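Following this line, the structures themselves.
Heads up, the next two complexes both have chain A, just with different partners, chain B and then chain C.
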Partner chain A sequence: MSDQNNHQKDAGLILRVENLSKSFGGVKAVVSVSFDLYEGQLLGVIGPNGSGKTTLVNLITGFLKPDQGKIVYKGKEINGWAPYRIARIGIARTFQMIRPFAELPSFKNLIIPLYSPRVKALSGGKYGDLDAVAKDYLEEVGFERESAVTYKSAGSLPHGYLKRLELAKCLALRADLIILDELFSGLSIAELASIVPIIEKLISEGKTVIMIEHRLRELFRIADRVVVLNYGSVIAEGIPSEVMERPEVRKAYLGSE
Partner chain B sequence: MWEVALIYGFINSVILALTALGFSLTFGISGVSNFAYGAMYIFAGFASWLLLNKLALPFFLSAAIAVILTAGLGAAMYRFVLLRVRGLVISEVIATFGVGLIILELFRYLGFSGFEYTLPVFSDGSLLIGNTYVDYQRIWIVGVGIVLAIGLYLFTHYTKIGLAFRGIAQDEHTALSLGINSDRIAGLSVAFGSGLAAIAAILILPRGTIAVNDGYDVLINAMAVCIIGGLGSSVGVVLASFLIGYAQIMTDILSGPHWKMIISLVAILVILVVKPSGLLGKQKELEERI
Partner chain C sequence: MKQKRKERIDRGIKARSDDVFSLNSFREMLYVAVPPLAPVLLLILLPLVLPSYWQKVLISTCVFALLAMSWDFLVGVGMVSLGQALFFGVGAYIAGVSNKILGLPIWIDLPLATVLGGFICTVLLTPVLRLRGVYFSMVTLVLPLMLERIVEAAGIFGGTEGITGIKAFQNPFVESYVIVFVTLFALFAFRRLVTTDYGLVLKAIKDNDRAVMSVGINIYWMKAQALFIAGCVGSFCGAFLTHVYGFVGMPSFALDYSILPLSSAVVGGMGTFAGSFVGAFILVPLSEALRGIGGLRIVLYSFFLVFFIVALPEGIFHYIQRKYQQFERWVEVDK
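Now for the complex of A and B:
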């Protein structure tokens, strides 16, 4: 905690993204993006397809290196760090195309993050009964205790359970900042109704969440703030109900006609 | 004759599985084809020989040090050569093959050839099975081979590093996002594979002399077994070892030992034509090719 910023206005600041840019060849995927995120907030990142949302996630989590700009997490500059180091300081992410360890049983998928040095340090150097801990996390995201899905190989899980497993992995890593890339996509209304409270609970426990989403209605119900990207740039930022009223946002979403 | 074929076919199969185990493990975990694999095998043989004969260490100590040195050589190759080209398959193959060539040809250049280069057997004598004599070294090979296979299974299923191995084998990106340093784990997998080559060498080489050219044969056999079994499939490796193992012994008995090596090459060709991803392999790109 020694490197925490003293400025009053920075109290509770967990992530600061400053002038972040990334191009692929001639395509500018992310253009000078800046935003601040405070502890315990839920930030939505929205924008039309190809607006740079996933590139932004990949930059923050180290899967891509920025061309320009700074990413500061809890006072530490992390731009250019390897993904595993970023995971170890408490930033977890999910992937838009879900990527479980397909041949491992669901609960074993969680043993891998449970073995990470971060979790070991946070739990006082002891691992304990990891199978039981893994099952606790699965229960937290809605797997029934000792149910068949707990032991099934992750590759054979139904879509809804795969999404829950993604969430559980972030929990098992004991991340403070959780970045969910289109978690809601492909979920039924009923599945959404059961997964939204899990996210609300995370927030109430003090976690910070970034959600990349296309399902705006569901997102707006829980987001504190949204950032709107278009062609890689931030075109609007604010509380959800206001942002959607802005003409530039309507234009980006509905087209210029 | 059939009894001999049965027993020696079995032993030959275990030998093949033992030589292929490390190659398969490394590929299965990190996707790296270690073409220096045969060189690692020979390196372990000469390293052990040097420690035994030049430093006069006890045999088992020199063997243990040779295994560690070979694993270290694998780790160093990953760190200083492979890491730079990681992900470019053709570069990985060329780079590791180059390292293997340097090692093997360096031994040849330094004059490591002759009947004096041989490792001692673990214990003298032989066992009569039915009407067939089997020397103790071959019994050792079969015993250690089986123990090693079971040990590897337990290792990959019940230890922390083993689980990390399986994690990066199944999805490297997810593993990274959960805090696994995949470069380090991949390096470990190359070191482990090289160490397994060394164990195979220590067990198998006492049957003859340590010859530089065997390095190339070991690589071909390991590749044959892995390609036929399906790259990355450990059950496939065992299955293919028994197929080729018995095929080699039958060829040996029916048409003479010099045809033995051809079998592996023909088997590779046949399987590549008939089922390109191997008996139990899952190479989606190959199966779904249009």
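Now for the complex of A and C:
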């Protein structure tokens, strides 16, 4: 690739991961993983259980410190930063194990991201009436306006609504890069059908999304590119339909299905 | 088969008064107004009617209520402190030193000890903010004992003798009403604070600190702020009692100041501040009243503690609140 070409591509580059490694004791969870991500793309990260997907998310969002390698977000090297600093520059994530602020009503759960310094800065230093803003965001992810579910305590929400609440937290933070850790797991077909358009809308608004997923069929419908991990290393990368055909991917992952 | 089941139903007034105030009788207005007004009236009237010995008991009750509230506040942020004595002792020593050695008047050294004490405690605990659960508790348990030994070993601030001859308040009424007003202020301020957005974030840290961190909030900075608030309240208690006793010494770091507030909050009901208040107003006078019976005092006192915790694990305040807001009835249901 020529230098000029490189430069042009860098223009839309939002995240570059270079040779990222992390091991826990003797276990190598992530082994020199590299990939580039461009603005407005949806990147799927797939791989069998224990292949290092969630560790990768934790490394990018600062919950773990990498042993080696670089993470560059919008030209800034962010490896080793604390999670809250990374969130402030616009990287939001959901958690695989969803633990909402159970005693609070659903809409009050969104007060926490809305209270963050990032949102304060973006809205001109004023907080205003957060309750109203929170309800708007909930409506965006499919909580019917003024329905009881908005006011119910988050601990009593059904699984599908909890996933949406997690997504709403990322929206409320007004993040540019959203990392969804197994958002689709445990959702019914009907629930998926209502949550996929929300993600498609995010992409059309210019957000960049990374999805860690086990539900391949649904992921492949919306993903622009897929990275396949196995034992912590990238074994394949490319557009979904191509990646599925590769023998090593079939062997490592699809073959086991 | 028929079976009996207990049903709890919100009282009609409660269901309405929770959010929308459409009160249409004097009785309904009283229903809403009495709970917050009762402690205010009680505390304002008590110093006028109590004999002087019981006035001193009232003072220490208020002090323990304040310490219990600051403990409850920290628990609400996920920091279980076993060392309210740290806050108490630091405040006590600052007040003693600034009054006796620097010669500052009470009205300056009291606020000074409050703010400076809160600040020093926050700085002392900053290194352990990352610790969670029992590890944090252990450090808070050890710190006051350590400071006590430092005072003893280094012989600073009067060493084992302590500092005596610290100025008292002008008269007993000023003394009583200062602590009464601070207690009432803290009670309502704390209850208000936890319902604000700021308080919500603090509460969320206890629920799930990783989720709070992942939205860009520095939880260590928030925890430090919470420590400062609790530290100020605790330090005020220490500084105040120093002026009441005219003495400050190593006993200011005693375990009593850590344990009694904790049991007050647990017996009264955690997470409400009113519970800490109720708990302190039961336990402290109870312990005074039992003084007459000598050695059995601790046995009886412990018995009461165990009784309350076993019989009413939710806490006295939660129990009263439930009875006030709901009525219960037995209904027959098919099994």
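Worth a mention:
Everything that follows uses one rule, which is that the second predicted complex is superposed on the first by the 247 of 257 C-alpha atoms of A that agree within 3 Å, B and C clash if a C-alpha of one lies under 4 Å from a C-alpha of the other, contacts with A are read in each partner's own complex, and residues count from 1 in each chain.
Convention: a residue touches a chain if its C-beta (ideal position, glycine included) is under 8 Å from a C-beta of that chain, and two chains touch if they have at least 3 such contacts.
Everything numeric here is computed off the predicted structure, so don't read it as measured data.
Aligning the two structures on chain A places chain B and chain C in a clash. By the document's definition of touching, both partners, chain B and chain C, reach A:Pro83.
Once the two complexes are laid over each other on the shared chain, residue contacts for A:Ala92 go to chain B and to chain C alike. Of the two partner chains placed around the shared chain by superposition, chain B and chain C are both touched by A:Leu104. By the touch criterion defined above, A:Ala223 lies against neither chain B nor chain C after alignment on the C-alpha atoms of chain A.
Looking at chain A, you'll find residues 61, 63, 82-84, 87-88, 92-93, 95, 99-104, 108, 111-113, 115-118, 169, 173 touch chain B in one structure and chain C in the other. The touching residues of chain C, counted against chain A in their complex, run 197-198, 200-201, 203-204, 207-208, 210-219.
Listed in rising order, the residues of chain B touching chain A in the complex are 160, 163-164, 166-167, 170-171, 173-182.
Across the interface of their complex, chain B is touched by residues 61-63, 82-84, 87-88, 92-93, 95, 99-104, 108, 111-113, 115-118, 169, 173 of chain A. Residue ranges on chain A touching chain C, taken from their complex, read 61, 63, 82-85, 87-88, 92-93, 95, 99-104, 108, 111-118, 127, 130, 169, 172-173.
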